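You will see two complexes here that share chain A, one where it goes with chain B and one where it goes with chain C.
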Partner chain A sequence: MEYVVAVLSIIGIHALLGLSVYLVAITGQLSFGQQGFYAIGAYLAGMATALWNWSLGPALALGTVAAGVVGFLVGFPALRVRGLYLGIATLGFGEIVRLGFLNLKYTKTIGGRLVGPNGAEGFRHVTYVYERGITQGQYLLVILLALALVIVLISLLERSRLGVQFRAVEEDEIAAAVAGVHVTAVKVLAFTLGGMVAGLGGALFVHYSTYIDHEMVALPLAVSAVTYAMLGGLGSCWGTVLGAAVLISLTEGLRVAKEFRLIVYGALIILVMTLRPRGLVDERVVLWLGGWMRRRRWRLDAP
Partner chain B sequence: MLTVQGLSRRFGGLMALRRVDLEVKRGEIFALIGPNGSGKTTLFNVVTGVLRPTEGRVWFNGQEITGAPTHRVVRLGIGRTFQTIRLFTRLTVFDNVRVALRGAGSPRAARARVEELLAFTRLDDRAHELAGNLNFGEQRRLELARALATDPALLLLDEPAAGMTYGEVQELIHDLRQLRDRGRTIFLIEHVMDLVMGVADRVAVLNFGEKLAEGTPAEIQRHPRVLEAYLGERPSDARSA
Partner chain C sequence: MSALLLDVVQQTINGLMYGAFYALLGIGFTLFFGVMKKFNLAYGPTVMAGIYLGLLPLYVWKAPIWVVVLTCVAGAVLVGLLVEVACFRYVAPGNELAPLMTTIGMLILIQELVVLLTHAAPFEYPPVFGDESLELGPFLVRPDYLAILLAGLLFVGLLYLLVEHTAFGRAMRAVAENPRVAQLLGVDVSRVNTLTFVLTSAVGGASGFLVAMTFGALQPGIAGWMTIKGLVVIVIGGLGSIPGAVLAGLLLGVVEFQALWFLGITWRDIFAYLLLFAFLVLRPAGLLGRAAT
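Moving on to the complex of A and B:
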């Protein structure tokens, strides 16, 4: 049971990280730097509860907002590069953040323990959740609640005209501009929102694990995050959530395959991406589901 | 309504536009014709802020819009379609129009406005299809619906009849007249002479980036420099040269 709760917690947190890639990707921007926002959210929220005695809610909010502000700032230089070049530039951003935290030392001795980011040692003793007797199961509820809130907000965005503008920018920036869309504003907004969602994910993570260091927010995390969104599909935010759930369950479920685990994992990704280049939940699936639901509603409405 | 003054645009060593002056008047259908590569689409790109001019200025309703960003030009009231269709193929027909909708107010009013535009372009039964699944004629009409959704006072159409059948061209002529009668000014680039001569109030001719002539369709058809640009010099002139 504890194991299931742990896996579900990680799925929830990683789904948030994947959704931050998704938000940026639906405006046509490929980011390998969302783990940078995740790290900012994690470190700041962790410092807030462990060093400054904040309670959890404000700490999560701080991590979210701070990462959003950085996302806003990253959005502007990101306008100048596209596609793979943007991927590399954002990877550079992620590495800068990682190395920043590798060198950050800001510790206090609290109750005989050295608490706070301590360079390569990492940031230990983010024990807020445990000190207050919150169980793993209860904390899972917090994670799922946060994820549900984010999914609702993104779904509302996707149904709105603004969400349609995001996708218009993805497909053709000039045509979007001619449709009256402020392309710059849309792209910067996407980075801001993406930063916030990743920051929230990081803030939740550090309180789940009680510990974070620079290696946990390095390139492998970026690759996972992009894979959740791409494999899950860019047709709806549910695709990314599905992607995170499937991939994390796979890594766990394939433990029986021992050292072949990563080979099987890689082969499955190649297979899915070959058969469904735009991911599992692509635009066609979303349209088909939408049509199915309309027909159902119509049938229910009929006398 | 739209004033273009001394407009030039250079691409490296090529002068795509050379000191072009134009004036599109409110309520008319103005056609720009000229051989391929004469700078017609470049002119549209400069007017809509997709390209910056090398020289010259553009005014719209008395306001200078030279070099203004595209979305601002559009919000001031200039709508546009493209020569090669540029739809959002992964969005539905409905969303392709909705994305461009301006000033419709409540969601209910917005929905009604989109439906009205789809009805006008005879796409109402395709609303929930992906735009990429439409046939060519439907895609052209959807581009028109999307441009109309920005509620443009001035509509720029880049070869709207290209690739259309005779019947479709007749429908388009009918639609354009209807749009003009409802108060929209139309500025179009076209090769299909049936359309130009059928609907245009005035015509300007561009050749190698320069304006050759301007006048009513009848005047343009007789204009010696226009005939020369399209058909080559007359044999008698060639001999004397």
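Moving on to the complex of A and C:
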């Protein structure tokens, strides 16, 4: 049971990271830098509870908002580049953040322990959750609530006028601009929201694991985050959640054959992207599901 | 000369030599992009797999060094063709992101396969040129780095002749310009694509051998490192430009070595990415590239 709770917690946190890629991707921008926002959220929220004695709620909010502000700032230079160039630029951003935290030293001695980001040693003893006696199951609820909130907000966004504008920018920037969409605002907004969601994920993660270091927010995490969104599909945010759930369950399920775990992972990415280039839950699936649900409702309504 | 100036010049020399690695990596990447208009993130693992296969004759049969080089090239070509079939051939056209993801999958797959087969133990690669540094006035030059620089220049020269002065080169340029029109004019596009994989993998295999020889040891993590550095180089140099990749590689090497010497090891990569950022924001087309997409 404990194991299931742990796996679900990781799925929830990684789904948030994947959703931050998704938010940026539905405006046609591919980001390999969302782990940078995740790191910012994790370090700041961790410092808030461990060093400044904040409680969990404000700390999560701080991590979310700080990552959002950085996302806003990154959004502007990111406007200059598109497509694959943007992928590389964001990859550079993520790595700069990681190397920044590798160099960050800000420690205090609390209760005889050295607490705080300590360069290559990482940031240990973010023990808020355990000191307050919050069980793993209760913390899982916190994670799932946060995830549910984000999913609801993204679904509302996608049903709104703004959501249509996001998709329009993905489809054709010039056409969208001609139709009156403020392309700059849409793209910067996508980066800001994406940064916030990733920051929230990081803030939740550091309190779950009590520890974070620069290697945990390196490129493999970026690759995972992009894979959740791409493999899951860009038709709906549920695709990303599904992608995270499938890939993490799979790697956990294959733990017995641990040498082959990542080999299967790689092969699966190749297979799925060849068969379904827009991911598992692509636009066609969403349309079909929508149609099916409408037909059912009609049948139920019929006398 | 003042000590500071001596340091700067010595680090510039080291940076140029090391940058020749980056230039070699960039050449294969950029050639591929020029023709296919796609990134091949599995290029690093292709090169790595090639130089690991080169270990086979070295360790098993104690073969002479030229056999090792040829095996590296042949191995890389073999893996490169595998990448073409697995990651590109069957992906529906018109999806820009799908082949990017399949090559990421391949990157993980090849890297983990090598980890599995070698138990992640580093393998020694034999030095060909010994450890003695050449003295050039007050400066030191490592002969193996010099060999890489010269090999880089040689490859650029050969590729220039191939691309500009042969029928195959003309076909490649036609496909790069516009694959549909090239097809209409009788160029066998899929053959050109396959041969591009062969060519870039062969260049990668030969460059990879030089890199492995200079490092003295080989471990699977090299695949990701080569992919990242290659990407940085081709963006700075301008996508598709071979001379641009060479210049960018050398520039990246010099910047990294100055940062390493004056600020320390953790600053090295920060400066590499800052250079990348500066180019993306101020000159997105790169050093010698045409207009950015």
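What we mean here is this: the second predicted complex is superposed on the first by the 303 of 303 C-alpha atoms of A that agree within 3 Å, B and C clash if a C-alpha of one lies under 4 Å from a C-alpha of the other, contacts with A are read in each partner's own complex, and residues count from 1 in each chain.
By definition in this document, a residue touches a chain if its C-beta (ideal position, glycine included) is under 8 Å from a C-beta of that chain, and two chains touch if they have at least 3 such contacts.
Only a predicted model underlies this, so the values are computations on that prediction, with no experimental measurement involved.
Chemist: If we overlay the two complexes on their shared chain A, which of chain B and chain C does A:219 touch? Say first, second, both or neither.
Modeler: Touch partner of A:219: chain C, not chain B.
Chemist: Is A:145 in contact with chain B, with chain C, with both, or with neither (first, second, both, neither)?
Modeler: neither
Chemist: Have a look at where A:179 lands relative to chain B and chain C in the superposition and call it first, second, both or neither.
Modeler: The answer is first: A:179 touches chain B but not chain C.
Chemist: Looking at chain A, which partner touches more of its residues: chain C or chain B?
Modeler: For chain A, the partner with the higher number of touched residues is C.
Chemist: Could you tell me if A:156 is touching chain B, chain C, both of them or neither one (first, second, both, neither)?
Modeler: Neither partner.
Chemist: With both complexes superposed on chain A, which partner does A:89 reach: first (chain B), second (chain C), both or neither?
Modeler: A:89 contacts chain C only, not chain B.
Chemist: Going by the contact rule set out at the top, does A:257 touch chain B (first), chain C (second), both, or neither?
Modeler: It touches nothing on chain B or chain C.
Chemist: Would you check which partner chain A:4 touches, where first means chain B only, second means chain C only, and both and neither mean what they say?
Modeler: Neither: A:4 stays clear of chain B and chain C.
Chemist: Between chain B and chain C, whom does A:283 touch in the aligned arrangement: first, second, both, or neither?
Modeler: Touch partner of A:283: chain B, not chain C.
Chemist: Considering each complex separately, which residues of chain A are in contact with chain B in the first and with chain C in the second?
Modeler: Shared contact residues on chain A: none.
Chemist: In the complex formed with chain A, which residues of chain C make contact?
Modeler: 39, 86-87, 90-92, 95-102, 104-113, 116, 224, 228, 231-232, 235, 266, 269-270, 273-274, 276-277, 280-281, 284, 292-293
Chemist: Enumerate the contact residues on chain A facing chain C in the complex.
Modeler: So the residues of chain A touching chain C come out as 30, 77, 80-85, 87-89, 91-93, 95-96, 99-100, 102-103, 219, 223, 226-227, 230-231, 259-260, 262-263, 265-270, 273-274, 277-278.
Chemist: Give the list of chain B residues in touch with chain A in this complex.
Modeler: 48-50, 69-71, 74-75, 79-80, 82, 86-92, 95, 98-102, 110, 128, 130, 146-147, 149-150
Chemist: Taking the touch rule as given, give the residues of chain A at its contact with chain B in the complex, in rising order.
Modeler: 161, 164-165, 167-168, 171-172, 174-183, 283-284, 287, 290-291, 294
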